[in-house]
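Presented below are the structures under discussion, each in the form of C-alpha cells.
Both complexes below contain chain A, partnered by chain B and then by chain C.
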Partner chain A sequence: MDFILIQLTGFGGEFMDLVTDPLTYFYLILSVFLGITFGALPGLTATLAVTILTGFFGNKIPLDYSMIALLGAYVGAIYGGSYPSILLNIPGTAASAASAMDGYPLAKAGRGGEALGLTTTASFIGTLIGTIALLIFVWVLLLMSKNIASPEKALLALFGILLSGTLMSEDLVIKGWIAGLIGLAMAMVGLDPILSEQRYTFGWSYLLSGFQVVPVLMGAFAIPQIIDGMRYAKIGQVIELQGRIMPNLAAIKRYMPTIGRSGVIGTGVGALPGVGEDVAGWVSYGVGKTVSAEGDQFGKGSLEGLLSSETANNACIGGALIPLLVLGIPGSPPAAALMGAFKINNVIPGPTIDPQIILRVVAIMVLASFTMFLMGLFTARIFIKILRIPKTIFLPIVMVLTTIGSFSVGGGINDLYLMLGVGFVAYFMNMLKYPIAPLVIGVILGGMFDETFRRTLLISDGDFMAFASRPGALILLVLNIALILSQIPITKRLFAHLKRKVA
Partner chain B sequence: MKFEFGKITAIVALVATFGTGATAQDYPYRDITTAVVWGAGGGTDTVNRMIMAEMEKHLPVSINVTNQTGGVAGSNGMVYVMNQPDDGYTLVGLSESNVTAAVQGGWDQKFDYWYPFIVGGSPDLISVPADSPYQTLQDLVDAAKAAPGTIPAAAGGAGSIHHLNLLAIQSGADATFKFVPYKGSAPGQEAAIAGEVALVVTSLAEQAALIEGGQLRPLAMLTPETAEIAGMTVPSAFDIYDGLDAHLPLKQAIGFAVHNSASDNVKAILTEAFDKAMAGDTVKEWAMANNYDIGGQSGADAQALFSKLEATFAYTLKNLGSTTVDPMSLGIMKP
Partner chain C sequence: METNDDIATLRTRDFWSALIIMALSVFFLWKTFAIPLFGGDRAGVSGAEWYNSAAIVPLGIFGGLLILSVILLITAIRQGGATAALTATGIGWNRAEAIRFTTIGLILFFYLTGLVPRVDFIIASGLLITALTYGYHSGQQKRMIITAAAVVVPGAFSLVFYLPQAKWNGHVDDYVTLVFWITLMLWVLWHSRTDKILRLVPIIAITAPILLICVMAFGFRQNIPARGGLIFKQIEYHYYVTLRPIWRG
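== the complex of A and B ==
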C-alpha cells in the first residue's frame, strides 16, 4: 500500500512540476500539433514524426523537454492518422489502417463529424489506459528485472527481433526474419563490445563506433516513405465534413466495454517487443469483429469497429513504453526512435533507470493525451485543411527536415551517406515487401544480443547450457524455439494433422 | 581527405591570425565554449557544468558547455577542439579515459597536447552483491587463490580505469579473477546485483545509491584512505595487503583542458579562475554530496599526472592486445 502511495505522490510531484513550468506548454502544444499533422498527412508516419524530432531535439535541449516533444508527437501522430482514414479512405499511418474500414463508410453516410468526435475520445481514453498500464506494470517488471542477467537479455533481444519479423511481414514470415537478420548483421559493425576488436570497419574510422542509430532510423523510415509518396502523388477527394465534431457521450457510454477491451488489447500488443500500433489496431479490430454482437456490421460503418481500432492503437503507446523503459527493448517502431533519443542523452533504459524518468514519462503521457483531446475537438478543421496540402509540397520539406535532423545529431557528413544508403536499400526492400521495422529492431537490439550472448558464453566457458540453466532464461528459450518451429512447414503440417486427429 | 584537412587547418590558422591582429583586447572578451567529449548527464559532463558555472563567477564572460561525443575514447570531441584556434575560447571537458584515444587510433596526439585542469574524481572500490558469501576482501581473495580465474568480476570495459584497478589488485594480492567486460559501470553493477558476476570494481560515486539501497556490499577501497558510506566504514585495501602501493592508487581525473599551445596569458587567467572556483564552498559541498575527491591540479602538475595515467593505460592496453598504435611510436614511455 505504501508503495502505491509513494508512486502516486511521485507522479503527482512530476505532474505538478510539468504543469507549473510554462515551457512545458510550448513544447507540448507544438509537438502534439506537429504529431497530428504528421499523422494526418498520408505517407508521413508516427515513427517519422518521432524520428525527426529526435534528430532536432535529441541532444539540443535537456532530456526532460525533449521527452515532452517526442511523446507529444508520438501520441499526436497515432491519433492524427485517423483523419485521412475517415475522410479520404487512405490511412494516414499504418496504425490507422483498420480505422478506415468503418470510418470511411461513416463519413460517406454523412456521419464524419460524429466519427471524428468518437475517435478523438477513444484515442484519449486509449492513451490513458495504456499510460495507467505503464505506471503499474513498469514497477512490477522493474522488480523482476533485477534478476535479469545476460542470458535472459540475449534471449529477449532475439525474441524481439524474431517476433517483430513474424508479425510485421506482409506475406512470408521468413522475409521479416531476413530483414531482422540484416539488422543484426549491421549491428555487428564497429568495435566489438567484449574484446574491443574492430569488425567490418575496413580501416575506416567512422565505422569504429558502428552504425549510428538516428541516421539508420531516418534512412529506414523516412527515405522510402518519401520516394514512395512522390511516385504516387495523387490527392484523394476529401469528404466534406458534416455535423459538429463532438464526442457522442451516449455512444461512448454504450461502447465502454468495447473501449476497455480494445485498450487492454492495444496495451498488450504494444508491450510485445518491436510490434507496433498497426498490429494493435488490426488485432483489436479482429477481436471486436468476433466477439461483438454487431460483428456483422464491421466494415459497413460500425461505430464499434471504429472504436476498436482507434482505442487500441493509442493504448499501444503506453504498452510500447513498458519494455523500452524496463529492458531497453522498444515495444514499437516509434519507441525505437525514442530509444535513440535516450541513447544520445546517455540514459540507458533498464533495471537501474532513474525512477524519476519513468514518473515523468507517465506525467507527460497524461498531459499529451489531454492536449491531443482538446486539439482534436477544437482545432480539427485545421487538420482537415492540412489534408489538402499536396504531397509534392510537403514531402520535399520533410526530406530537408530529415537531412538536417540526421546531420545535426552527430554533425558528420558520413551520417548523411549512411542515411541515404540505408534509405535506398530500405526502399527496395519495401518494394519487395520485406518489412523494414524488423531491420531497425535488429540494429537496435543486435548490439545487445551480441554483447549479452557472448558474455554469457564467456562466463560459462563456452557452455551453451548457460541459456537453459536459469528459470527465466529457460522460459525465454522455449518461447524462441516455439516461435521458430511454429513457422516451419513441417511442424505446421504436423500441427494441422494433430488438430484433425483430435477433432 | 588529408589534403582537405590541411586546407581547413590553413584557413583556420589564417582566420585566427587575422582575428587576433584585428582585436587586441584582453582575454576573455567574448563567451567561452567548453566541449565535453562524453555524453550529457555523465560524470565528466556533470563535473564540467558544475565547475564552469563556478568559474564564470570569476570571469567577465559566460561559459557555455556543449557535448561532442563519439569516436574512440572521446576522440571526436578532442579533434573538434584541436581544430579550433588555441585562443582559449574553446576548452575541452575530458577525463582520464581519454588518454587511450591515441593508442586506440582515435587521433594522433600525445596527451600533452593539452594543458589540463583536474577537478577531481571518485575513488574506486571493490564490492560484492548483498547476498554474497564473501564478507571481507580476504574471503574473496582466498577464494580466488583456491580457484584461479573462475570468479567472474565486472569492472567496466576492457582498458577502463576500473579494469586497471582490478588488474592492480590482482597483482597486489596475487589472485586472479575472471574479468568480464561491460559497456560502462552501470551495466556491470546491474550484473552484480543480478548475480551474474561475484564482484564489481567501479567508483564510489557510481555505487553510492546501490550501497545505500542495500543491494551492494562494499568490501574495500582501492585508495590509501577509508570511506564512510551508509553508516559503514569501508576499509582500505592498502591496510589489508602490503605492497599495493606499488600498483595503486589509479584514480579518476575529471576536468577540462585548453590547448597547450595557448598563450601564457590565457593559461594564467584560466588558472586563476579555476583556483578561485576550487577554493569556493560550492565545489567542496558538491564533492562531498557526490562522493568525489577534490583534485585541483593544473598545468605542469596535471600534465605529469595525466602522462603517468597515459603510460599506465597505454601499456596495459598493449598487453591486452587492444592497441592499434604502438605507444612507443607516439613517444609514450613505459611507466
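== the complex of A and C ==
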C-alpha cells in the first residue's frame, strides 16, 4: 500500500510540475500534431517521427522538454496511422496494418465518423493502460534488476536481439538473426570497452568512438523510406467522413472488454524486447478474432476488430518503455530512437536510471495521451486534409530535416557519410526482406553485450559455466537456447510429432 | 500476399545476399585475427587472456554470421534460388526501378558528400527539394535523369574543385549550384504550368531550408553545415547586426 502511495505521490508531483509549465503545452501540442501528421501520411512511420525529432530536439533543449517532444510524437504517430487505414485503406504505419481490414469497410459503409471516434477513444485508453503498466511494473522490475549482473545482462541483450530477429522477420527467421548479428558487428567498431583495443577503424579516426547512434538510426529508418517513397503514386480516393466523430458512452461501454483485453495484450507484446507496435496490433487482432462473439465479422467491417488492433498498438508504447527504462533494452523500434535521445543526453537507461525520469516519462505519457485524444476528436478534419498531400512533396523536406538533424547532433560531416552508408545498406536489406529493427537493436545493445560477456568470462577465468551459475542467468540461457531450437526444422518436426502422439 | 514468382525471386536474391554476407564474414574474421587473442603483447605490456581479448566477441559474431549465411545459402539453393541466379528475370531485374534507385542514389550521394559540406545549405537543399519533387512526382524517367544531372554536376564540381576541408569556404561552387537551382526551377515552372502541385515546388524549396536553418542556427543555437555559405552568411550577419540589437535594446 505504501509503495502505491509513494508512486502516486511522486507521479502527482511530476504531473503538477508539467501542467504548471506553459512550455509543456507548446512542446506537447507541437509534437503530438507532428506525430499524428507523420502517422497519417502513408510512407512516414512512428519510428521515423521519433528519429527525426531526436535529431531536431534530442540535445538542443533540456531533457524534460525533449522527452515531451519525443513521447508526444511517438503517441501521436501510432494513433495517426489509423486515419489512412480507415479512410484510404492504406495503413499509415505498419502498426495500423490490421486496422485497415475493418476500418476501411466501416468507412465505406458510412460509419467512418463512428470508427474514427471509437479508434481515438480506444487509442487513448490503450495508451493509458500501457502507461499504468509502466508505472507499476517498471518499479517491480527495477527492484529485481538491482540483482542483475553481467551474465544476465549479456544474455538479456542476446535474447532481445534474437527475439526481435525472430518476430520481426517477414520472410525467413534466419534473416532476422543475420540482421541482428550485422547490428552487433557494427557495434564492435571503435575502441573496445575494456582494453581500448582498436577494432575495424581502418585508420579513420572518426571510427575510434564507434558508430554514433543517431546517424545510424537516421540511416536505417529515414533513408530507405525516402528512397522507397520517391515514386509516382496516385493518391487514393479519401472516403468522405460520415457521422459524428464524438463517440457515445454506450458504445464505449459496450466495447470496454475488447479495449481492456487489447490494452493488456499490447502492453505485454510491447514489453518484449525489440518487438514493435505492428506485432502488438496483429497479435491482438488475432486473439480478438478467436475469442470475440463477432469473430466471423472480422475483416468485413467489425468495430471490435478495429478496436482490437488500435488499442493494442497504442498500449504497446507503455509496454515498450518498460524494458527500455529498466534494462536499457528498447521494446520497439521507436523506443530504440528514444534510447538514442537518452544517450545523447548522457542518460543511461537501466537499473541505475534516476527514478524521477521514470515518473516524468509516465506523467508525459498521460499528458500526451490526453492531447492526442482531444486533437483526435476536435481536429480530425485537418488530418484528413493532410492525407491528400503526395509523398513526393513531403519526403524531400524529410530528407533535408534528416540531414540537418543528423549533422547537428554530432556536429560533423562524417555523421552524414555514416548515415548515407547505413541508409543504402538498409534500403537493400529492406528490398531483400531482412528486418531493420534487429539491426538497430544490435547496434544499440552491442556495446553492452560485448562488455558484459567479457566481464563474465573475466570474473570466472574463462569458465563458460558462469552463464548458468545464477538462477536468472540460467533462465535466460534456457530461453535463448529454446528460442534458437524452436526455429530449427528438426526440432519443429519433433514437436509436431510429439503433439500428434499426445493427441 | 506473395506469389510463387515473388518467393522464387526472393530466394535467388537470398542466394546472392548469402554469398555477399559469407565473403564479408570471412573478410572480417581475417581482420579479427589481427586483434591479439591469445595474450599477445603490445608495447611491452602483457596482453590479456583469451577470454578477455577484444577479439573474442567479434569472432563469435562473424563466426555466427558465417554459419547463418551458409544456412541461408543452402536454404536458397534447396528452394531453387541458384538455378536462375545468373538471369535478369531470376533476380527480378526491373529496369525502371533500377533507373529510379540509381538516380535517387546519385542525388543523395552528391547532395550529402559534395554539396552539404561545401555549398550554402539553403542553395543545396533548395536544389535537392526541387530535383526530388519534380523528378519523381510523375514517375517519368526523363525527368529523373534530368534532375539527377542537375544535382550530380554541381555536386561533382564541388567535390573535385573543393575537396580538402581547407577549401570548403570558397564560393564559386555556391554560384555554380545556385545557377543549376535557378535553371531547374525555371524548367519546372515552364513544364508544369498545368500542375498545381509542381507550381508550389519553388516556394517550398525556398522557404523550407531557410526556415529550418534559421530555427537550427538561431533558435536552437546549433552548428549547421557550411556556415560561411553565400546566403546564410548574409542572414547571419543581418540577424546579429541589424535584427538582434532591436530586441536587445
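Here, the second predicted complex is superposed on the first by the 501 of 503 C-alpha atoms of A that agree within 3 Å, B and C clash if a C-alpha of one lies under 4 Å from a C-alpha of the other, contacts with A are read in each partner's own complex, and residues count from 1 in each chain.
Note that in this section a contact is a pair of C-beta atoms (placed from the backbone, for glycine too) under 8 Å apart; a residue touches a chain by one contact, two chains touch by 3 or more.
Nothing here was measured: the structure is a model prediction, and the numbers come from that model.
Shared-chain residue A:L141: touches no atom of chain B or chain C.
Once the two complexes are laid over each other on the shared chain, residue contacts for A:R199 go to chain C alone; chain B is not touched.
Ranking chain B and chain C by residues of chain A touched puts C first. When the shared chain is aligned, no partner comes close enough to touch A:L479: not chain B, not chain C.
Of the two partner chains, chain C is the only one touched by A:L420; chain B is not. In the superposition on chain A, A:L458 makes contact with both chain B and chain C.
Of the two partner chains, chain C is the only one touched by A:L401; chain B is not.
Put simply, chain A uses residues 194-195, 197, 411, 458 to touch chain B in one complex and chain C in the other. Only residues 56, 60-61, 171-172, 174-175, 177-178, 181-182, 184-185, 188, 192, 194-195, 197, 199-200, 223, 226-227, 230-232, 390, 392-393, 395-397, 399-401, 403-404, 407-408, 411, 413, 416-417, 419-420, 423-424, 427, 431-434, 449-450, 453-454, 457-458, 461-462 of chain A touch chain C when the two sit together in their complex. The touching residues of chain A, counted against chain B in their complex, run 59, 62-63, 146-150, 191, 193-198, 205, 208-209, 344-348, 350-352, 410-411, 451, 455, 458-459. Those residues of chain C that touch chain A in the complex are listed here as 10, 13-14, 17, 21, 28, 31-32, 35-36, 48-54, 56-58, 61-62, 64-65, 68-69, 71-72, 75, 100-101, 104-105, 108-109, 111-113, 116-117, 121, 125, 128-129, 132-133, 135-139, 197, 200, 204, 208-209, 212-213, 216, 220-225.
For chain B in complex with chain A, the residues that touch the partner chain are 38-42, 45, 67-72, 104-106, 152, 157-159, 178, 180-184, 186-187, 189-191, 193-197, 210, 322, 324.
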